[in-house]
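Across the two complexes that follow, subunit A remains constant while its partner is subunit B and subsequently subunit C.
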Partner chain A sequence: MSTSQSKRRISNGAAFMIAVFVPITIFLIVQLFSDPAVFLTTILKSLAMGSTYAIIALGFVLIFKATEVVNFSQGALAMIGALFISFLVADETIPIVPWWSEGNLVPIRNPIYDLGLPSWMAWGLSFIVALFFAALIGLFLERVAIRPMIGQPLFSVAVITLGLEISLRVLANDSAKLKLRNTNTPWSGKGFNIGDNFLYWSFFAAMIAAAISVVAVFLFYRSKLGIAMRAVARDQEAAMAQGIPIGRVFAIAWGAGAALAAVGGLFATEPPIKQTGAVDAETSLVAFRALPAVILGGLDSVQGAILGGLIVGSAEIFAGQYLSGYTSVLGAGYPLVIPYVVMIIGLIVKPYGLFGTEEIRRV
Partner chain B sequence: MLELANVEVVYNEVILVLRGLSIEVPDGQIVALLGANGAGKTTSLRAISGLLGPHEGVITKGSITYDGKKLNDLKPSDIVESGITQVMEGRRIFKDLTVDENLVTGGFTVKDKARTKASYDRVMDLFPRLAERRKGIAGYLSGGEQQMLAIGRALMAEPKLLILDEPSLGLAPKLIEQIRDIIVDINKQGVSVLLIEQNAMMALSIANYGYVMETGKIVMDGDAKKLLADDDVKEFYLGLHGDDSEKKSFRDVKHYKRRKRWAS
Partner chain C sequence: MKKVTKGFAPLVALALVAAACGGDDAADESADAPAAAEEPADEPAAADEPADEPAAADEPADEPADEPAELLFDYGVSDDTIRIGLNADLSGPFASLVSQIVEGQEVYFEMVNEMGGVAGREVELVILDNAYDVPTHLANYEEFRLESEEGVVFFTQSTGSPHTAATVDALAEDNLLAIPLTWYSGWADPDLGANVVEINATYCVESMNGVQYLAETFDAETIAIVSLAGEYGQDGAQGAKLAAEALGLEIVYDGEGAIAGGDQTPIVTELVAAQPDIVWMTTTPTTFAEIFGGSVAQGLQAQWSGNSPTYSYLLLNTALADALSAYYTFSTYTALWGANDSEGMQLVISEMQKRRPDAIFSDNYIRGFLEAMTAHQILMAAADAGDITRAGILEAFQSAEIDFMGLAPNQTWAGDPNDYIVRETYLYDVDASIFTPDATVSDADGSTGSVLAAGPYAGSLAEGFTYEGPCFVAG
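Moving on to the complex of A and B:
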């Protein structure tokens, strides 16, 4: 009885997916043959968009997989990370707030640029240091706001992260407002043409960064510490009984999550997400744009984060490219809504997300 | 030797669960701790393993020492490192990890890779069933296999004292026998065992010494053989009636409560 019921539900879902995907596929094939160059650039652009979303989504997944908390402050962490990159790499300074400056930032020179290294090496080193600073912010937040909440209801912790998001965003906005903060990467603003279509190098940088992040996260989860982190997510008390220091595991997850957010924040300032190449008040919103990717992929799955990011990113770019004739009907800025539409459709078919863990039961 | 002396535990700052619990687990022995539901067995284990924190519990009095080292305020990871590992009630394996990965979490505190490998081989020797399903998801194991995995996981931490909380819970009689034999095997390899059971027959049949707990303190203790022969224990934990087959009133048999044997 129950098997026949579940069979019918799956076939319903499949029918639903076919109803959604077949018309889209036909439409895309028509577009491919009518203008291949536009189609190709759109694909590259959507891969870049998807990669950026996937990086942000990985940050969510990393923290969720360890703490079971959806970290709503991921956006602010992305913005702060991008700010660090802007200070250390673009301005070649280290921002400090000494006691005599009455709360104003006093930049001191970033010593890495005085070492006489080749410029790309100085850039890379400063970039890594910026990520390290971002990770420190994550560690600090975990220690101050999350650690005392171990064992408390997850909902309370999630709301705390929401509070963190707002307060951090205010702080970050204050330091970003002073001037236009370029992130100034080696590839920023540069690109090449395919036919009439301009392709930014940042598209490819985002894809490479996403690939590196994914491989790093996969390897991490195979390591002893990574396994311990998954164990902590499954059953905190049992993990403690094995001698796994939960506090340290949480701290590492937050540090790594913040570093990933920083990378995501950097690409949030560049095409295809934004043309300016500068950190501004909107940078933190990238996390909410990537949230559908996380939820669609299943909150606790690395594969889910990648696939969710790619699906949501492609949907957004393709809709922006091919439905632009209907702006009067759909409203300006309609591509921003597309990820959420895709997420809702996805959740109807798979309530736990594409790769989300359902409770394991023995049969 | 593990020594609990007059331990008091309070939950939520009001609920007194352990009222002066004193037990000893000498090296190399199996000690059984018996008691009905709510007697405070699991709380005693939490106190030993440092797991009271998440349950809002605090040790308010008394001391827990292992080989002269005070464990009261240590973190769970430090307690595991000093040689005490607990197999929790209800197995509590990590269901979405594989068998191998579960064992890795057990060996988290052991930094030396060669020693981890040795413990791993030992566990595989002890539980051939687990060796067959090394790469399988732990959640799909049968109840008995999950219990074996839970014990194996605890052994990965190279414990000198293994604490088992209700290892026979929810298992068929045949499997209970198997688990019992495994406990004896582990003990023969030089690991002392503190065994918490409601299945008193099983526990006392392999233990050297036994304690009976009621409402947070020890009401009776002695050699396991002596306890097995004791009429009260028979009556309450083994379901056997003594010499006279007529039913006794609860009040008549609880004479031991008035003896202050636990004040030491």
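Moving on to the complex of A and C:
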């Protein structure tokens, strides 16, 4: 691409963005002054929704940066992680499926709840154990389904992850006989009022969890293992020649990705995404809702995951709040379309995503 | 009109006694010991013609005084078996619900067969999975409709409104009856549902009762109506609108058919802006939870209710429990497990405990029993009339009166729909304080948090409602 072509594209992109965002900004300013309490609530809901999307997007990015594969099973991993949390904290059991039980779960008492700890601390420790179990699932999947495909076409691997998504979801639904399983978070259903509007503590918990996740991922990429992962992402053959164990790097990426999915799965059961605070069969769909955030931010960018999540989450919440009077024109399900519209607009301007590396091929 | 319970009530009484005694020997003591047809007709009579040479019931083993000498039968019936069909969703979206309803029927007919069956024949349930898919439902139907012993004589389950609607012409052509697992008001319309054995009140009538109950109990002046699109959602919404108009309630938000998948923020926003006194919903429990929870969080303090199954007691196991206690009234068509001490309730509980002691009990088994009781009593009426051909069963249906023994309002289909549509429903207060997280029914071990507030309840609107056709017809 020549310099003049590039400049023209930027110029067209800027004009396009101005045309889209100036009217939106004016509209939002009007809303701010017409009802500040609702506007503030909407902003906080947007940040919470965006934070949850960002956590899930980080899982996608982590796995993609190491393996160049879009892991379509992130949604099922999110649901399974949230299920682990539910078993450990609501039932106070550790679920196992022994070979003699014909696929049925056999619960074992969660010993954390026998330590006499304050309930919030027992919940926190159990949450960490649940993330560990989720990571084990990720490691297992990588070992049996992904590692044998090293060197094979990436499209085939991506389709395998799609198969994993369906299989895991069905297995989880069947073995847990899933209806509604509470996650019993210490902040469940709690919050405070601004005017008539109730702000859930889960909004702030999601933001804090997203911040911790981002910091953890940044620190990880600065560690020796993280540097090895970046090297693998850049050139697998060169990394192998340098003695970097690619299999181990893949496994860690999948384990960490699955743990992040579990965190995202937990917040996918809470306001503003769900009101029940419970895992259900729809929990896994959150990954597909977050997918536009991943693409918009750039598949291989941590910063992109965060920004993409926040943009997409905000667009969804603001559109749901302020365009509700136009369902006869937009259709009743329009909030679900909004993230994809935002993604398309973003890709028109930045085809590789806001922070994506231009060489990256999208799947 | 012919009461058909004369043989049925002793059978049930025997079942209860047998269950109480824990014995199985009641089978030989059936008060309705039927005639055995030793030689069925080689060539069954065509369904639209009476059998010219009906099979003779030669020597009844234990002939009751009024047992007819001859018994006509044709398709789906042999000299020792009566086959009834279930075109049921066993692997689709309603599989968990329907599987329990089907199991309820299985338990009921195990009891019937143990006591001698119907007309000396064992009742065999032929169950095919429609996977909640209309083409699969129609393909299954082709197997059921066979004009031979391999066909069925009656459908005791036809899952799904569009699925059942797709077979109404064939049902009429084949003289087959079907019990639908839907409460669409169109089934009472003879033009649509002449061969459809609807049980309990319709969505439309349920809405009328629910809205009137809420309006009068909570002194409401405004209402919001929110529903899914389609027969379920919009039949319920239309009933709520009829009630609102009759009661003079202002509809401050009309969300008929407005619910779509995913994020429900637009509906929540509209509800909160409208500030209704009551909200009537026709949707699924998960969608209801999103709209209800989101609205309550934004300060809406309305009273809520909705068509069954908008609400599920499982929601009491979530963060919404306290809000549901404060703002929700649960509406449904039948008595819930353990909600009364009727003969029918004792029968369901004792038979389930006896025959499926390891099952996770639920109110779905009551629905299974209601369907099975309907089929059984119609079959018995047909047998009493000496004709268990498909046409004979259709005739028996048109004059039958079904006794649900306190599980639900009794039911007939005789005369004009206004003479027989069911106008009573049940309303329950939701009380999270008595809810037991592991409970699946209310019994000595726990509670699902539902306390009977009114029922069988028929408000003045439902009582005075003149049925002139379906409340909702899809465009």
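Quick note on the criterion: the second predicted complex is superposed on the first by the 351 of 363 C-alpha atoms of A that agree within 3 Å, B and C clash if a C-alpha of one lies under 4 Å from a C-alpha of the other, contacts with A are read in each partner's own complex, and residues count from 1 in each chain.
To be clear about the criterion, contacts are C-beta pairs under 8 Å (C-beta built on N, C-alpha and C of every residue); 3 or more make two chains touch, one makes a residue touch a chain.
Please read these numbers as outputs of a predicted model, since none were measured by experiment.
> Given the superposition on subunit A, are subunit B and subunit C in a clash or a fit?
Pair status: fit.
> Which partner chains sit in contact with A:Asn182 here, subunit B, subunit C, both or neither? Use first/second/both/neither.
second
> Identify the partner contact of A:Phe198: answer first if only subunit B is touched, second if only subunit C is, both if each is, neither if none is.
second
> Could you tell me if A:Pro335 is touching subunit B, subunit C, both of them or neither one (first, second, both, neither)?
A:Pro335 contacts subunit C only, not subunit B.
> Touch test for A:Gln303: subunit B only (first), subunit C only (second), both, or neither?
After superposing on A, A:Gln303 lies clear of both subunit B and subunit C.
> According to the stated criteria, A:Thr93 is in contact with first (subunit B), second (subunit C), both, or neither; which is it?
neither
> Tell me the contact category for A:Gln275 with respect to subunit B and subunit C: first, second, both or neither.
The second partner, subunit C, only.
> Classify the contacts of A:Gln31 with the two partner chains as first (subunit B alone), second (subunit C alone), both, or neither.
neither
> In the overlay, answer first, second, both or neither for which of subunit B and subunit C A:Gln321 touches.
second
> By residue count, which of the two partners contacts subunit A more extensively, subunit B or subunit C?
Touched residues of subunit A are more numerous for C.
> Which value in Å is the smallest Cα separation between subunit B and subunit C when the structures are fitted on chain A?
39
> Of the residues on subunit A, which ones does subunit B touch that subunit C also touches?
none
> Mind pulling up the subunit B residues that touch subunit A in the complex?
49-51, 53-54, 75-77, 79-81, 85-86, 88, 92-97, 101-102, 104-106, 108-109, 137, 139-142, 153-154, 157
> Per the contact definition, I'd like the list of subunit C residues that touch subunit A in the complex.
By the definition above, subunit C touches subunit A via 96, 257-263, 265-267, 269-270, 272, 286, 289-290, 292-294, 296-299, 312, 314-315, 317-320, 322.
> Help me check something: in the complex, which residues belonging to subunit A touch subunit B?
150-151, 224, 227-228, 230-231, 234-245, 357, 360-362
> Once bound in the complex, which stretches of subunit A touch subunit C?
Interface residues on the subunit A side: 41, 177, 179-180, 182, 188-189, 191, 193, 195-198, 200, 271, 274-278, 280, 282, 289, 316-317, 320-321, 323-325, 327, 331-336.
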